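You will see chain A twice below: alongside chain B first, and alongside chain C after that.
Presenting the complex of A and B:
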């Protein structure tokens, strides 16, 4: 029974991944670009986390500002994706240029703060 | 009263009973100036009538002409008191006394009225003081006016009633109820009885007067005396006024016997030395401190001065005094002696002889028997040269007074030999002074240096702890005798605390009879002492300089927090490279997704805006870079940042429309939107442009 469950589970997982992949291919390119940006930001954050784990948290403010800049910009990109996505009925009337403008502006403000907190 | 011609040095009364020699000075200028100071009127009067009388009597006895003028206020007070019907007898008495001195305006009716009141109170008197004041008042009226009849018809009766208060020891009681007797009351009683005798209209029984003389003799038997011949009447009870005491009691008795002697023809055989003793008692007070004491003293001395007039065989006390009791042999001072009465008047012609000299503290006496020469200009007896055997030191000189006219011996009391302490000083010579270091007590001197005392000396010696220091010198008095000074200090610290080093030596030689005492530094000595044993006293801790707290303090070494452990450089650089990897991955991904990187507008206006847009973002980021590198300060440049941002935003609006137009034209909707070409729009875009989305 265990083996069959496991097999079923793996089969289901494989089916799941397959369906996800095919669905993802269908997303518009602009959304893919935004997703790529998000992945880039998170990976950078992770690398910084690993570095901190290796050498210790001194100076802590620098670590925080680095990590939070990546995380912050990722969050802003997620907001941008939500607003730009055509299938999202809630933001039907919001022009994507406006969303992008907000994204850039918020990033600038975030990086002003980050740059000061960096120390 | 004859005035003294010079200032006399005040002699202090030596109270110690062991001292037999004392100096008594007669009344002098110091008494007069003290009287003026003590009796100062406040607001134009001396206070009560009693105090006014005391002041006036003192000034009169001392012969002070320049006295404060209180006549108007005093007379007004006198007249008020005498004319008022409710005043007490005591106040009438004091007012009459003041009137006797000032002679205020009072008519005979006033006197008559007072006299009747006094006689009434006399008839009702039952205490000694009542008798005293009433009779005293009547006597004063008799002196001041002859228009009033003050004679007493029942003088015998009054005499007996006063006499009834007397006691067997010569003292009197104040009234029949009070068993305590006093000398002061005795004096007042004698005065009162004298007044009765003088006011008696008919002769008083002589036997009564004889008993009174016995009483006086008994009173004098009870006189107290000090060892130096001073006599006084002691008082045991002190009344509420606090003015009783030996002084007031003695004064009262002296007044009493003087008053009595005035009215009787018989003589009172009072011993001369007791009179002299009383005089010495009053003079021994010196200058009294209070007005009342001064009045008592001066009043009593005036009575004693005039005793010759009242006593047929009384003796006037003569006082021998010395202006200076410290004589210098070196300066060849002359011994001067003055003889006068108690109030400073001149004595009859007499000679003073120095009979003996004693050295203080020893029983040996040397007989001198030398006459002093009289200097009439200064009224002093002078001994030109001191006796040859008088050297420096403390002496007692014994003087005797010899009258030129032997008959005068009966009239004056001199008290036999008078002993006076004399302090003789002189310059002491020092010679044969030398200082030496000896190897041991009897050993030969290692170093020997002559000293020149009392001149300057600066010797330099050195010694160790095994050697002895010897200092010797010889002192000689002016007469050539050896002199042992009272103190000689060789100023070396006794306990050196085993500190070796250089010490200064000082020599001090001094004595009260040595006129040239000196303190001389002699030089210095280097001492080489061994190390201190463990139990030796440590030198006292040096006093801490109180200003040292303001000086620099001890250096403090700071312990810094150890710096944080930093990662190795290579690791940091490795991760720096590692962080850039995702960026490259992102760019690669963009390329893979075939993102449209091309749609840059070509026409002029949109191109300008596109460039400006990118420049705007670049400018903001450049500003951040400047902030980061601290080339620009953030807070002061925040407004600049805002300005750049807003300019950027304004021109951004234009670009959007252009980009959209371009995109629409090319009809590549999905890939039209590119991150690099989208504007920051703070101002909302017109709806019409975006509705196609």
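Presenting the complex of A and C:
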């Protein structure tokens, strides 16, 4: 009984991954680039988190700015992705150029603030 | 009536409506500014009360020494001998705003003094606040409601009480920042634009700079996000409105020195992080749901839920352990007293002692928001028809602020904008319904009787009638625009059937006429009350007092008299002790060092002063002498009947002093649980320093020593001071200044014995001093 459920779950998981992959392959390239960027930012944040756990968060301002800059970048990129995604009907009348300009502005503000915490 | 002609009038009417609303907004701004000038007209252009004096002093320093010196300012004139780092412990928004304003004006060759700029900062920002209210309400329920809400906010008494000219306090700019932040949040939520999200973070930054009440924002917005998620209203716009705000807002908040790393370390902010995680999970779920088939999604859910629950549980456990490990559960005392209204009175007498931290009474609701209290429920109902993201935010805002205003009087200020928005919506919707039915009814009757052309001419006349009916109510243009649309429909000869259908939605003519009349009357009552409150109740600067009696107007300018005496007759480095209420004023007006002030950051230090005030003369002299104090200042209202004097605050001094120094016991000062100063009072009370300094020589004024505040004759009338010397008493005896006598060179007899004797038996001490004291 237990064995059969585990086999069904693994089968389900395999089917799930398969369908996820096929669904994801269909997404446009520019969205994939954004996804890569997001993943990179999250991984950087995670590395810093691990480093903090190992070494400690002593220069707290550096830790804070490092992690929040990564998280902020990721969040803003997600926002950009939401806005330029053509499947989102809500943002049809928002041109991608405008979305990108907003993204750049928001990043500018974010990193101007981050710079204050360096050192 | 030709079809191609119709679009032109609509655009024209639209443009006219826009111009009209801009004009109305301008008038509202002017009105908001001018209703707050009563204090200048009735008294003079002067800074009010206590905290504004500190802000004024900081602004002076800022304009004199520049921003960098301001950040590094260590103030050695307060909290002697500790001092206070001003730059790191003050919310800099207000001072920076006024300082910038002053700099701009000076660079334009408008030579205003710093004081003038400070006095008029609050009225200027209340005009801004009413415009921000317009924008916010417009996002929630349209321009008509926005104009009404702006007009209501411009004169709501609760806000006037904190923003009259001269009331130069944090709340003056903070309410504007609060409403602006909410507006930009709603705007981002409605448009989904990252640009507005950036602006929202900036507005939040300004709010954090200005007032500690920013924690209200950073808890209310997550609550709203959570509400949206739970009720299934999640949308990508919600993500764009919230996630950047948390990241940017937290970083910006940490930039403000007084907040610093508290922005990520204290529990006030944890709710936002929790919701930040939740919204990411939800966003991911919605994304996956979007790209998968429903069947596969179900499979994914069963897989993820089991794993996700375990992870969530682990994270939650860690968080709870972290929070629980700190003694106050990571909350500051003020926030805790908000969540648990009895907390402050149990543990922190210094918070409970401030009158604006007390829970409000019912009349104060009527005084402060007046008829809005009755309109708010209608507004809440209107928000549910139909419920949008924005209107659910408005409902959440009013509900939470009602609770907070019930805990502390001063948070009535947060309730006021919410009440104005709700009432604006209610009034606007009501007028909308009534005027529409009036139009429809009148139109229906005229059309039945007259031919088409004549009907149109009467329409114009009716327009005028409706306009004059509500010409003081600003949302007219929206409702009339709507009703005009209706008009057009019916003049274009709609089929009879549909007209009957519409008729079911309208009210009878007489009813709606009467209802409109009553609503206008209600508005008129509100205006009258607000102007009265602004003119009579909230304009007193509290450093200059007036009283009206049968023989004319009396002006009591004793405080400034005393402070200027201090600044002219004492050394620059002399230390002046008083109860903390008068600390800010003493440093700002007399420029003398004080022991404690209104900042109340060090409870022990305040308790020391409280203990001194409630000790007998000798012990008090020892305490004051150890603090280098030269002068002691007490405020006494017994002669003129000024109720908030030191004798009335005295029990708090005892309580706060006794909280740290247990030999001061509150029951010693009470006779059978009653606080009294007449002949029934306890000997401890009659011999404490506060009593003596207040009532010294008081009997000489009328021969009986009748206290006009307590309405009794004082208990102990004839006594002398051994260790203190009266140096100045103002014209109405409201401020009395005493100097500490320097210790005698030689004490006759056995030093130790006489000392203990003097402190134990007061009668012998008095008789002893009469003989021995070389000053008398």
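What we mean here is this: the second predicted complex is superposed on the first by the 118 of 119 C-alpha atoms of A that agree within 3 Å, B and C clash if a C-alpha of one lies under 4 Å from a C-alpha of the other, contacts with A are read in each partner's own complex, and residues count from 1 in each chain.
Everything below uses one rule, namely that a contact is a pair of C-beta atoms (placed from the backbone, for glycine too) under 8 Å apart; a residue touches a chain by one contact, two chains touch by 3 or more.
Everything quoted here is computed from the prediction, not taken from an experiment.
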When chain B and chain C are modelled together on chain A, clash or fit: fit
Touched partner set for A:64, first chain B, second chain C, both or neither: second
Partner chain in contact with A:16 - chain B first, chain C second, else both or neither: second
Touched partner set for A:37, first chain B, second chain C, both or neither: first
Chain B versus chain C as contact partner of A:96, first or second or both or neither: first
Touching partner for A:105 - first (chain B), second (chain C), both, neither: both
Touching partner for A:116 - first (chain B), second (chain C), both, neither: both
Smallest separation of CA atoms, chain C relative to chain B, angstrom: 9
Shared chain A contacts, counted only where both chain B and chain C touch the same residue: 105, 116
Complex contact set, residues of chain C against chain A: 192-195, 197-198, 201-202, 235-237, 239-240, 243-244, 247-248, 250-252, 254-255, 261, 264, 283, 288, 290-293, 296, 299-300, 302-303
Of all residues in chain A, those that touch chain B in their complex: 28-30, 32-33, 36-37, 39-41, 43-44, 47-48, 50-51, 54-56, 58-59, 84, 95-98, 100-101, 104-105, 108, 111-112, 115-116, 118
Complex interface listing, chain B residues touching chain A: 564-567, 571-572, 575, 578-579, 581-583, 585-586, 589-590, 593-595, 617, 620-621, 624, 627-628, 634, 641, 645, 652, 656, 660, 670-671, 673, 675, 678-682, 684-685, 690, 693
Touch list for chain A against partner chain C, complex: 9, 12-13, 15-16, 19-20, 23-24, 27, 60-61, 64-65, 68, 71-72, 75-76, 78-80, 82-83, 87-88, 90-91, 94, 99, 102-103, 105-106, 109-110, 113-114, 116-117
